[in-house]
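Two complexes follow with chain A in common, the first pairing it with chain B and the second with chain C.
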Partner chain A sequence: MALLSSGVLLKRDPRLLKLPPYLSFLCIAVGIAWLLLLPLNDYSRRTYISENALLPGQVHTYFAGSDQHVFRGFKHEVDALEGKSNTEVNDKLEEFFKAAGLKVARQKFEYKSAGEVYQGENIYAILHAPRGDATEAIVLVGAWKNVEEEFNRSGVALVLTLARYFKRWSLWSKDIIFLVTPDSRAGPQAWVDAYHDTQSSPAIQPLPLKSGALQGAVVIDYPFNHRFESLHIVYDGINGQLPNLDLFNTVVSIASGQMGIGVTLQRMWNHKDDYKERLQTMLRGMLKQGLGHASGPHSSFIPYHVDAITLQPYGEGWQDEMAMGRVIESTFRSLNNLLEHLHQSFFFYLLMHSGRFVSIGTYLPSAMLVAINFTIMAIYLWVKSGTPISKSTKVASTMGEKSTPLELVKEGDAIAILPEEITGVRERELFLPLAVVAGTQFLGVLPLYIFNHTTHSMLSIVFGIFTILNTVLPYFISKSIIEYFGPTTQQYQLIKSFSLLLLGMFLSSLATLNFSLAFLVGLFAAPLTYIQPLPGRPILVTVLSLLINVLAPTAVILAGVFAWELNLGEVLKEAAFGWDIWGMNTQVVVWCVWWPAWLVGNILLYGKARDESSATKAVK
Partner chain B sequence: MSIDRRKAALFCTAAAVRLLLFTAFPGLPDLLTGRVEISTPVTSFKRLQEGLFLYNHNVSPYDGGVYHQAPLLLPLFSLLPNSLDYPIFTYIIYILVDLLSADALMKIADSGEARSSKLYTSPRKDKKWGSLEIAAAFLFNPFTIATCIGRPTSVFTSCAILHAVAKAVAGSSLTSIFALTFAAYLSMYPILLLPPLLLLCFDRRRSESSINFFLGCASAVGGSTYALLQMSYIITGSWEFLSSTYGVHLLLPDLTPNVGLWWYFFIEMFDSFRNFFLGVFWLHLSSYVGGLTIRLRRQPLFVVTILLGIFAIFKPYPSISDTSLFLAMLPLYQHVFPLMRYTFLTTSTVLYATLLGPAFYYLWVYAGSGNANFFYAITLVWSLGLSVLVGDILFAVLRDEWEVERPEMKGKEIRQI
Partner chain C sequence: MRLSKLLQLPLVLTSLLLPLPVATEHTSNWAVLVSTSRFWFNYRHLANVLSLYRTVKRLGIPDSQIILMLPDDMACNPRNAFPGTVYSNADRAVDLYGDNIEVDYRGYEVTVENFIRLLTDRVGEEMPRSKRLLTDDGSNILVYMTGHGGNEFLKFQDAEEISAFDLADAFEQMWEKKRYHELLFMIDTCQANTMYSKFYSPNIIATGSSEIDESSYSHHADNDVGVAVIDRYTYYNLEFLETKVREPSSKTTVGDLFDSYDSAKIHSNAGIRYDLFPGGEKAARERLLMDFFGNVQNVEVDTTNSSSGNSTDAEWEEDILALGKKISELRKRQEALDLQAQAQVNNSSSVPPPGSLKSEVKLPTSKIRAAKVEVDNSWFGKKAVGAWALAGCSLVWLAGSYLESSPSAS
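Take a look at the complex of A and B:
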């Protein structure tokens, strides 16, 4: 460590000084290869239940028979409410919950984001546990409209039926909360915030009725009338947080083991469990985690350490609503068994099949390797910037000779071996590099502020202007730096060193919070490791600047919008919504971590080092 | 005159940056006040508010066991308007304290004591930063700014220590000793700085004999301590504050996480060993004083600097405020920086720990997906980074001294065998 860190070893041997760029490339390559290996049987594991108290599928479910008639009745009522206003709907729902003998409360909320207003009223009912002391609760959520804005007709009817059904049982030891929100994006967030008394503005009412600590939440998203084939589980939370794997496993084991319903994830409707499909599932999961937006009403619960998932029936098959109800019943019986908060199983995992996963210990190295590549280059550039200029010629001439002679020095008890060579370190001029890197980091606040405070209608235009500025600005910044400061080669090296050091640090910290985002940003930023000023080679600079501009944050966002055939304005609106309401951090990473590093890389590319020999002469 | 103008510009910019952060981000002060890296049980601004509330309602501020800070802070803060209604006055006080610290630091830098003391002159004394650069490095250090915004009372201690040193290098030993006693009164550990500080004063004494000098100093320490404690007694009406303030430093009853090494160790420990290890930890902390003072007799200011670094790592309730004080003194030794060997390693380690610390704390406390070991591991890395820095600067200064004795070794590399 001592030798490497001081750069003594590096400085002593010119071959070692050539090594770091290859080493950092190797890091990236290994990082990517590592990720591709994960779906193999040798690297992933089968899922298993860690928490013994859950006992999934060990109880007989009784939700059948006459409850089907109740369900049809509620279904009829809910269908009749389609298109009615939020208040009318809630008046009717309140009647139903009260008829089942539950305490009912409502909560109004209003959010503002990107110049638009999101408002509505949540309604919820609490079933007090006959055998509990109201210190713990489980939530069953049915949003009136699901994330695709479809009317969740069977889902809400099922919530009503289950509320009536659960009330009949005396075995609950945790309170059960039935929550119906008017939408899937703002409503659940307002409710969870208010449940924990952290609502940001007075426009979100506090909850008049509360129960104990939330232990888990299950969301039903069942927007059609017919029977279904399989169950699709959505589990991604905001900012890439995930629910405890035990909750997921419980539902999978109940649905497929007890009820014989197939389970899929990440919209992989026909999963054949081969390498390709597993990889695809994992990558889809990573992309969703990296974007960090809410994928369903359950997402809002996860930041509060409430494990939550959404269950979506899909396809045409022979499973009916009662089967869905039994899955929920059995899941709730399992959650009811919990003695403490779900903590046994994994919180960091990548799922590649309903029965296969990799845990953090196995996948984290890949993102860390990508992040470490930046740190290696930063250290290398630091050492290189301190190497005396005249040294290179001297080293070249002495390369053939044997190693430098050592001198033994004895004084009293102390003995030291000294090489007979002067270990000079060139003085580093730190001010300009620090100022450039700090300045670009600070500039990142600008797009972050602009894109989160522009109204919806202007977002696309502002983004267009920003993209154009983004392509020309680095050139002019670079030219003006050359014009006013005339940086030396050493200063360029230091600028790059600091920028890469920061990027590496940010990404490795981020990898512990949101692995996927760190990995994706790391990959897109990887070419920045190899960008350096190339004066006198205009063709190469043009080619590289094209490459760099293709990998710019703005270009990547545009490419993503085209690839998934989305609307740019809607994507930006969603991002602003996430920032204002969900507390999503993806933009911070894009504009304050990735973009500054990209900007510095681009500035470097157009850079031109001052001729130092003539400068020193001028000083003399 | 031009220096003064530049100094005024620097101070105005520093004050403006702080004021901007205070006012432009209204949530920031409270956010930082709640961070364990900034506020410890013995310096927290929130706890000060609690003590202040009790004091203003004629209840002993130490009732309830929340407030562990010195009693004299209470009348000072109760003179200010309520910090919830008129926070601007509190902000101004904290900004002024930072500027006062920077002013003291500039006086220390201007004295040139770091490069040539009475008994030792560094061969590299021509290489130096101006006092303005040193003050700027202190005022624009992100740790200093974060501390200022987080408003822990440790800034008063830092300011008192810097003034004690500044007065000592200016030769006014009585003022210096009074400033140090005040620092010690606020947070106890600065009393360990007394030996090097006395030597610093001793090197500048005018004519009196050394016995007279030390007798005078001892009576000054005793007198000012007595005065401060007696005033505290009059304010609070009982001696209860002794056990609630210094007792907390000594016995560590509050194990709130912080960036130091004590809390986790004492959480894990069986109670029967607690007293023994309290003794060991305190002995360890104070054992550096004697050794370093003797070994570096010729550079007492450096002893102060390095002790501040050691305290920032090993004291019972450290925070980044202590680190920022150490980092403020460090640039005084800019002339030996080229002799340091691990600058980049320490910088990156400290920066990594700065970023990973809050991330792991979040995983532990908020997300619930991590546990206490996550945060403790990162405080170990943080302490490792600082220890390497302390060891490295010590090496550099010793080497600098050594090169005076052995000029032929200048520029040669040292290897341990």
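Take a look at the complex of A and C:
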């Protein structure tokens, strides 16, 4: 009896009903604080090699001496090819690979995106493992042009030299594929797609020559002539997918442990390994992961579960191209030792230093808490929308006129008599809230389609129009809803509840796939939790609408473009390219998850509830 | 003179043995060398076993008495920079794979089941003799195991594991089946000492590389092969065997080997277990290493003819003659006993009714084997039959006398 009444009473306890907004704010605060704690020694871990088979740096490397002359020769040849057409370059490269005794094949590809055509021809050579069984292969990639469109002069020469050098060894257990792509964005994607027979259009030729399952890929991005200081490892894949941490650790262990070459990541050229630098590295990594675009030729391999990284030498130092070659040699010896696909170590991690990381178990709660904040508010609003409006407040002046209706509550053997006000549930009018939320969700398809199917020249203009529309649209939608439907406070609550419920659900699922994107979207959408119709307070509405508009997806994109001094047209072109070629799905999250939630939030802000005295109906 | 003296030694020893019911000398040497891990990065485990294999062969155990279990073929691994070879040292002075190596169990044949079947000889008829441990109660066995292990288990090929209890039970079964005389158990794995902690069968000396919660480490890597080539515990065992046990006549004892264990060198605390050995630590430590690693053993003397080559030394001849006499006397006594037993068996077999004869004919061997055990039973049976016969006779006599007296009364 006591239990029952306390349970039912607790459900309607005004103190409890006041709690959720604070709780949801606490979730956001803890979520952010959690992320900020991660770089501390107590919360992050030192990296370690979990795959026993790798044995990094346990072999002597012999890439030196006469190979340096070979490299110089190839370097000379590659330099002479600068500015030549793709076909001419490939003719020459084919000659070199054939001279090394390798099987050579070519693949033409053509992509269309944002009204532009991306075409070229990949060339690759296969070194069959002399004593292996040709069921597995590892790939060494040298793109003719790197992601910054620089001529990868030393990189390609190094690939040619290593092809010749590797051919001399008889200890390969896996085939080695040497791939030279004309660019760093479309070429690798076309090749990997064709390798797995998943190329989207007949304009991408199938591969005439194949080997076994790809076990790993290493990309050399070495676009200068001089000696270098350290090695920069790029590891982000498309859609924030990452290569197995063991591959990264192997290269770090070989470069720094065996060769004495420093390793950096996320363009943190001088990493002091203090809290600030670690946090900065981690945030840069998260941003890259959140954007989900390709950061090098390796990115295209990762969606196929082929662990891949790009190695970029940088700076002025005393490490020469032979040191770079030895790092590759030792890495390939380690990959050669693999008995099965890299699987021992983490696929979900945040790196904050070449030797420190946090794994998914540690960082996931942070994004989850931010996502849960929306869910808590959604449930709270649902409960609140069903709560009968308290009579005591309504008829304060006529107290004692009518006794509160009582109701008999039965639960098992227990019976309780409670005021109806406590147990009653108000009827929820669901049609309008569902229609509004579903409508805005479907509306998200519009920008998604427009931005992925507009030609390059029009993109900036379309974006401008969309931004302006985006600012005024919520106001008009809100006004027309008030005009035609006259929603009640309850309906506004339900609109918000459904919108937040969807957002919370999407973000918590997304957090397991692309943590960074879920966290960033969650953070930008966090103020939406506290937006509600504020009729009669025009100044506050104006201030809030300014804030909401600053946090609009369009405004955030513009701010990003200005902050990093990018060209808006190029960014949008890149996004369309990502959608068409890489299968990037960041846009889907932005336009179909974030934007609808934002739109609903903005509609709510301009909302005005109909006077509800006539609509007060208490039903059992 | 020299020759005779050499020949005397075993004879003296045998004469000492004869009065004792249990022989303290072994008559054959066997080695069971097991690597339990597969895969290239476990190269060192195969190298461990192959170095031990080489050592026991060097000290005289023939291939026919070595059971070598290798789950993988490192020599032919495509990753091997030196195809066809296995080295246990970075100097690559000795190719352990050489040209004379007999692997008895290889690849996926190296399983827990096969290992236990080998030890307990529970094998099918199709199993070739080369894959069997044909030991008896006079065999000294060296059991060496290496691989990846943990607390009370040793992993077999990433697929299954043998527990310390399985191993202890297998050894107990061997003891019950009189499959060994003395056994030296060596194991090089993480937490190795837990593997012998459950043994409960007698005559076992056990040693392992590391204590519970302690790892065993590799000694060094060969940077051209690209892997670690030998484990520390095995390395220092081998070092001792190579330097201190140079020829089969070596008198180095098991104690000397155990004293050489240095935890600073091995990087783990090697363990030794003596308590199962009769005579405990002292007796165990005095055992010669050659008793386990070599093939020096005493021939069991079962005829007096062996003394014929010993004519020069009169004293010994006399002793041996006396010995021969004693043996023949014992034999005569034994024969007499046998005859007696045979007679008893014949007697007892006549007791059962003729209907049971069929079954007797069917299983003649089992009857003979059981005869000795049933001596007491048949003796009692006969007594009972006699008693019954006597009682019957007296009853007949009583009945007769009653019948005789009754007509006279009438």
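Basically, the second predicted complex is superposed on the first by the 570 of 620 C-alpha atoms of A that agree within 3 Å, B and C clash if a C-alpha of one lies under 4 Å from a C-alpha of the other, contacts with A are read in each partner's own complex, and residues count from 1 in each chain.
In this text, a residue touches a chain if its C-beta (ideal position, glycine included) is under 8 Å from a C-beta of that chain, and two chains touch if they have at least 3 such contacts.
All values derive from a computational prediction rather than experimental measurement.
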{"item": "First (chain B), second (chain C), both or neither touched by A:241", "value": "first"}
{"item": "Chain B versus chain C as contact partner of A:55, first or second or both or neither", "value": "second"}
{"item": "Partner chain(s) touched by A:434 [first = chain B, second = chain C, both, neither]", "value": "neither"}
{"item": "Which partner, chain B or chain C, touches more chain A residues", "value": "B"}
{"item": "First, second, both or neither for A:512, with chain B first and chain C second", "value": "first"}
{"item": "First (chain B), second (chain C), both or neither touched by A:348", "value": "first"}
{"item": "Contact set on chain C toward chain A in their complex", "value": "39-41, 77-81, 83, 221, 223-224, 226-228"}
{"item": "Contacting residues of chain A [partner chain B, same complex]", "value": "2, 5-8, 241, 303, 305, 341, 343, 347-348, 375, 378-379, 382-383, 409, 415-425, 427, 501, 505-506, 508-510, 512-513"}
{"item": "Chain B - residues contacting chain A, complex", "value": "338, 341-342, 344-345, 348, 351-352, 355-356, 359-360, 362-363, 366-369, 409, 411-417"}
{"item": "Chain A - residues contacting chain C, complex", "value": "52-53, 55, 58-60, 129-133, 169-173, 333, 336-337, 339"}
